[in-house]
């Protein structure tokens, strides 16, 4: 089996237990997370070989991070060591009308200050058939955008499928800057993943008749967005996650896949949320698994939506579900009956 | 007051805290549970004297288990000591579309390897007016089925009411084997308890027009099932719990009581679930309390459904509610207003 | 900025973690709470200077309590030291049909045994423009009612606005006694706050067509109650919180403000509850903030309801939300989207 | 087997985890403890039937307390219900040069406000051969001293052995008051237990050449103290615990038994302390077990010292050790080798 | 680099937090451990490639176990799946005069019921230069002893060094049986590891002038034991750990290495113990690392003693220390100064 | 009372619970700490008004930090807001031969990137009589060294006593750089505090006959060091802490004060360590308290050593002891007897 290579940042995730807030507690749960690391773990959990590539400082907290990746069978042998620090972020879990909050402390991280010379992409892509990155990675700095570009070019040259989750982060860069940099990278992308905001914020492509905060979803609008993205950058496959935020405790969750001019819509799930951070990444990971395994469009989409639906019931970013659990939900058993 | 004797296995229950999964944690909550032990605790909490009979190894973990029973005023003086080990099981609490999972490690337990000579039923049933067991106990092995049979015969001979919760466990035995063994035992049973699956799996008695995973409930179908069970084994009272699984987080919960040809249906509760493991046992315990206290059919059923509704809001298997709390819910106060 | 003075009891709050019950645990969460202390913290969190006045024993647990107040910028310099003990209470968090329970152990506390000579109100009210107390405080004993009366008189004399949350506690006094004592105090009150039960229990003023446990709310009924309260005691502003208890896990929450003959009704929120103890106090605190900041009636009410809606998503009594979060919800964003 | 009756107060014990202090934590460990309750649990753990008699409020926290007693097989059937509250205390565990601190909040407890008519001693002493109380109980108030006196008289009349641990608490009463009240009670005492301070503080009997804070112990001095106590009140057996406080982390621990004119000294243990609260009570419990089982003086003393040495390695007040563990240490195995 | 293959059982280790006992807690720490698994982790942590071979059931708790091994870079690709259950054990940490206790529940585990046909040793030993097992593994049953024998023979044939830690467990087999089985296996062993009891219990070889429980160590005695073991089975290298148990909190720790007729004694460490379970295994792991890396005898011994000294300061069985930390202690820095 | 102004960095301190290591845990304890913040808290706890001055980012984690300071009555009104992040560090608590480790992630913190224009020292020093900083602060960067210099000059001009704890951190700067920068600052210092390494590493002043890692202390050597430091920079008072590291679990602790040519040596304490991070700061804080309160040299020294001895028994950096506890230890009661 060939592997998927995921490139980006892995951060320390710190959250107070349960619904307590940072100012209320002296105890934090520590885990590790990041857009592409989450995808690598999803792939590995589902059964696709995955490698995670980043730059990490050579210290004991980075060691704890790589241990987590290794525990999930993610190949860490192409991680580069050096630099000052790992990025980190704090999560306060929201409930009902109170939104979850995420506070980043990721500036100056080893990967954000990495250099093109740190990575030998031809070596990294040996035995790979897939390359995945998100819009967060080039947003870390021009240097990292350069590294992404080189990785994309090398991947293309080596015949490797490239996927990108737009993942717009307004605290990392402006819409203008994102549009410019991402536009350059999209040329190499075969599979684009986005949520309802990303296309508008990065490329100004807007779903019609859609009120995001109100949670109103228009199928036709999303089809238009995917089509436009597909046409503009000549992208074969565009996947969009459709989140209906009823409250921080309850969401509707579905997805759309646009493939060679055809739009597929998934079943929609009403989810009682345990932890939704990492939900989008789990969609991406499952979709890559499904597409690289050869699922047809509708089935691939349903698989990705089911996997990411389950992620919302899992604590922390990594999607700790099994292939069997995803398949079972896909087949329609969401009744939550005890499995003895 | 005469006591109820409950015979079966008590196990170590281990679960990761909250919604975390086994692979995510280094911390487990330990409690003790088992179909008949849960019933004994329910009875004692509600005010009926109860004795729990089993075989346990003579070690410090079994000591921790009996301490819990004693703390609940359950008589443990007829527990027999010997054998190698206590059974145990792991629970991962599900949420939303992710089902709870239960992993058993109960083979070779002291009770599963017990011998008929370990128990002197005439002595055990002194001062008793009720004997309760579940379908799990004879499923532990032919030796245990033999013990059950002897207990049933002795109970009958001594004029003691016998109740049995079918509780089919597919990992312990096949439907065929269950049907054969349980069929023999049902001859002695006065009160049979079952859920929507048990009758079908054990005796092939099926509710019409019922789609279990879809959570659809047909009153008439259940009446037919109860009637058939009642007629086939000449059982005076048959109780069936009706669970509508909307998701692992939300269930509808109700019950039916069939008594001397008459079917009674309870109020239905929409439950936001805290922990549903042990829910069925809490129904059984409360029903035995109600019947042995002399409640009429409808009231006994409503009492049992209210008690077990509350169980779903209680962590771990034992139903830690008071008689007052059950009566209060039965009278209609399910609004959850703070009790100051 | 002038400060608000809040007078009452601060207690030790002990609760088992999550949904466990007292009999199930050897671990308690300790925090500090009390009707007026909660209001003082709300005010301070929102941006209004607040002072909390009480009597505390001079020991290490009281020191832990004042540390919490100081951490929230609440002025504790007028707290008097002496007496035997702090009051305390246990909370068991309910879920679904199981109500939360509160067990008080507050008798003989330092403030309940305080003397009029302990407090110099002219000194305490220097730099104050608001005085707040609740019906719990005079219920602690005739001595404390006397202290309240003197505080009210002094406040009136010094031109300070007086607010009172009726907060009827049936375990502290009878309706008759409450009516008599509170009636005397209401003469000095400018802003009265109450929930659906208080007016009836304390003054026999009853909302028509309202079934509390059933959660049915009648707008017209509430307007009548407020009007009668306003007229009887010549109170300019009356605020009533409207709680629809669907279950211990889910409530509807809204409010009404009656000001100079006009009744204003707020938006209603369907809340998935994290911890509702202190919910009413957070409404009071936010309302005082809004009124003393000069918000108009409708806006002040919406602000208070939004702030207290959010409180239901916060663990423990203190309302740990920010002004920005309240304003954001007020503007309509209750979708719970992650704030990155 | 006849039972030992222990009469006194059981309190809620709250302590921050590990070595944290009250002002540092929002988490408390809750257990239950009290001089005589600790003795009852020790007796039961070692194999002597024990009953604990007290007055408790009828609420859920008292229910948690009695559950703990029942879990330890302590008979709670003579506990009387009524009154306002349970006493409670906070413990901060010390280390090295920092002493452990104990803060009591026990005033107005149900037992401290109990009445002579609450207890029927002839009934309580049925099937008993031993009565134990400590100097803390009469210190709770004149009413409780009266109850103690009546219990002593009844015990004497019924031929029951009476033991008393002097346990002087300076926060409960003065030396003068203690001397007067305890003097009256000692007339009925057969076995007196004390530590190095008690005899001096209560009866002015002082060990010569002993510097308590310095931890210097003089065998001859202790013999004199015991002899004087024995002669003054005609007490057959006097036991004194000898604690050498090196620091809050390390103590020397030994004991002396004076029986009919003969003084016996035990082996001394150098203890690395886990939790020393309840250490004296565990000595008393083990001594009563040993004496009532018929051990000779030297052996009884060594047993009591070994049992209480082990208590110092146990968290919370109750001495959770087994008879086998005590006997094993007594025989000399204190090397702490792993028991597999 | 060639790898070391470790063969044996990995179990679930459950222990109450800190110094609490099983009967006191509802919370358990879960980790994974076993004589040979501990050695494999030590090797990997120090820098030697290691593979762990066993049989595990195919369930989620075994998955958690292999995740831990993978996190430590231990090769798990030769683990065989099947059988009923994983063995488990409970540890209560002792302190001072109270010994740690270990309660095993390991009967009927997958590895204990494994068959010779489960393992293909020629395949397993590809790329290996070392084979390690302990006396626990053949003690699991005649079938497992057979597997060990075959592994030993294959290793010998393939020129692989074989090491064995005698690790006598009296609960698994008698001295007679152990002597017989182990005697047969020792023929293939190049490096034997033992503690002060093993040689005597398994082969009747006894150190002269040594009182184990008293902690007295005689250098000459140990040399004699090693020499006799070496001669009897023609073993080139014999290592003995020397533990002086002062108490459960404090131990002296040293080692002896006997190599080709020469005895080497290490420095002795006075250790303040955090967790000593797994201490012997960490000695074995470090010794194998040192010998396979080519350290000379004295240095290899000092390295192994230093590494295992540090293990006593680490919670759980796995020795979570780095090569640098071991080398630093070996060089003499045991002062514990903060490393910033 | 005039206040002491402390200037420096406050960081987030993250440590795994107990003796676990970072790679072993998913749970971290969060507190806040920093050389000068620790001193400010010590001063406030002992009774001296203290203000802490720094630059912090305007986010929720900094809010949690200032809450802690306010809870301790430390004036935070001169803290400046801006910049990217707070520094943070990880602590692994050592035991026995395993040293505690500290891993810093403090680069690019708000204070490290602060500008001279951020602080108005004339305003800050209003109502102050003391200024304290440590060698860590100027080591953060030339910009911060500049700020320190300006603060020192202003303090001098305003007649404020200046104290500095050398606190050499080799990871922040070289000895050469430290010597140069600190040399310039020492001109303004009235009270210098150092440990056994600082003088040598910063100024090349070395205690004769002292082996630090071996824990050997030479009184005469320390006197010489202090004298030389005093003479070189014309410093009136030099205090040196003397730590004898027996192991990570046990230290000897004492101090020396050199004042106007006279050397004073304190009592030495053998400490069983709970947490030694912050020990030096607690010495500094207590010394400043003692000197500014007018204690004579010997008494001031004994006070500072007693306070910092107690700190070693307190979890986290802040010295949570009271004035009474310090005075009591100073008077000689280090026996650790329970304070009831």
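By letter and in written order, the chains are A, B, C, D, E and F; residue numbering begins at 1 in each of them.
Convention: a residue touches a chain if its C-beta (ideal position, glycine included) is under 8 Å from a C-beta of that chain, and two chains touch if they have at least 3 such contacts.
Note that the coordinates shown come from a computational prediction; the quantities given were computed from them, not determined experimentally.
Novice: Can you name the chains that touch chain D as well as chain E?
Specialist: Touching chain D as well as chain E, we find A, B, C, F.
Novice: Starting from the defined contact criterion, work out which chains touch chain D and chain F both, please.
Specialist: Correct list: A, B, C, E.
Novice: Contact counts by the stated rule: is the higher one at C-E or A-B?
Specialist: The comparison resolves to A-B.
Novice: Over half of the residue-numbered contact pairs in common: that is the test. Which of C-F, D-E or D-F passes it against A-E?
Specialist: C-F
Novice: Taking shared residue numbers divided by all residue numbers at the interface, is the value for chain C and chain F over half (same) or under half (different)?
Specialist: Shared-number fraction above one half, so same.
Novice: Whole-Å distance, chain B centre to chain F centre, using C-alpha means?
Specialist: So the centre of chain B lies 62 Å away from the centre of chain F.
Novice: Using mean C-alpha positions as chain centres, tell me how far chain C is from chain D in Å, no decimals.
Specialist: Inter-chain centre distance comes to 44 Å.
Novice: What residues in chain E touch two or more of the other chains?
Specialist: Expected reply: 18, 21, 23-26, 67, 101.
Novice: Can you name the residues of chain F that touch chain A in the complex?
Specialist: Going by the criterion above, the answer is residues 14, 21-23, 25-31, 59-61, 63-64, 67, 84-86, 88, 90, 92, 101, 103, 105, 107-108.
Novice: Where on chain C does chain A make contact in their complex?
Specialist: So the residues of chain C touching chain A come out as 18, 269, 271-274, 306, 309-310, 312-316, 320-321, 325, 329, 332-340.
Novice: Using the touch definition from the top, list the residues of chain A that touch chain D in their complex.
Specialist: Touching chain D: residues 24-26 of chain A.
Novice: Show which residues of chain D lie in contact with chain F when the two form their complex.
Specialist: Residues 18-21, 23-24, 94-102, 104, 169-171, 212-215, 245-250, 276-277 of chain D touch chain F in their complex.
Novice: Looking at the complex, which residues from chain F come into contact with chain C?
Specialist: Within the complex, chain F touches chain C at residues 67-68, 70-73.
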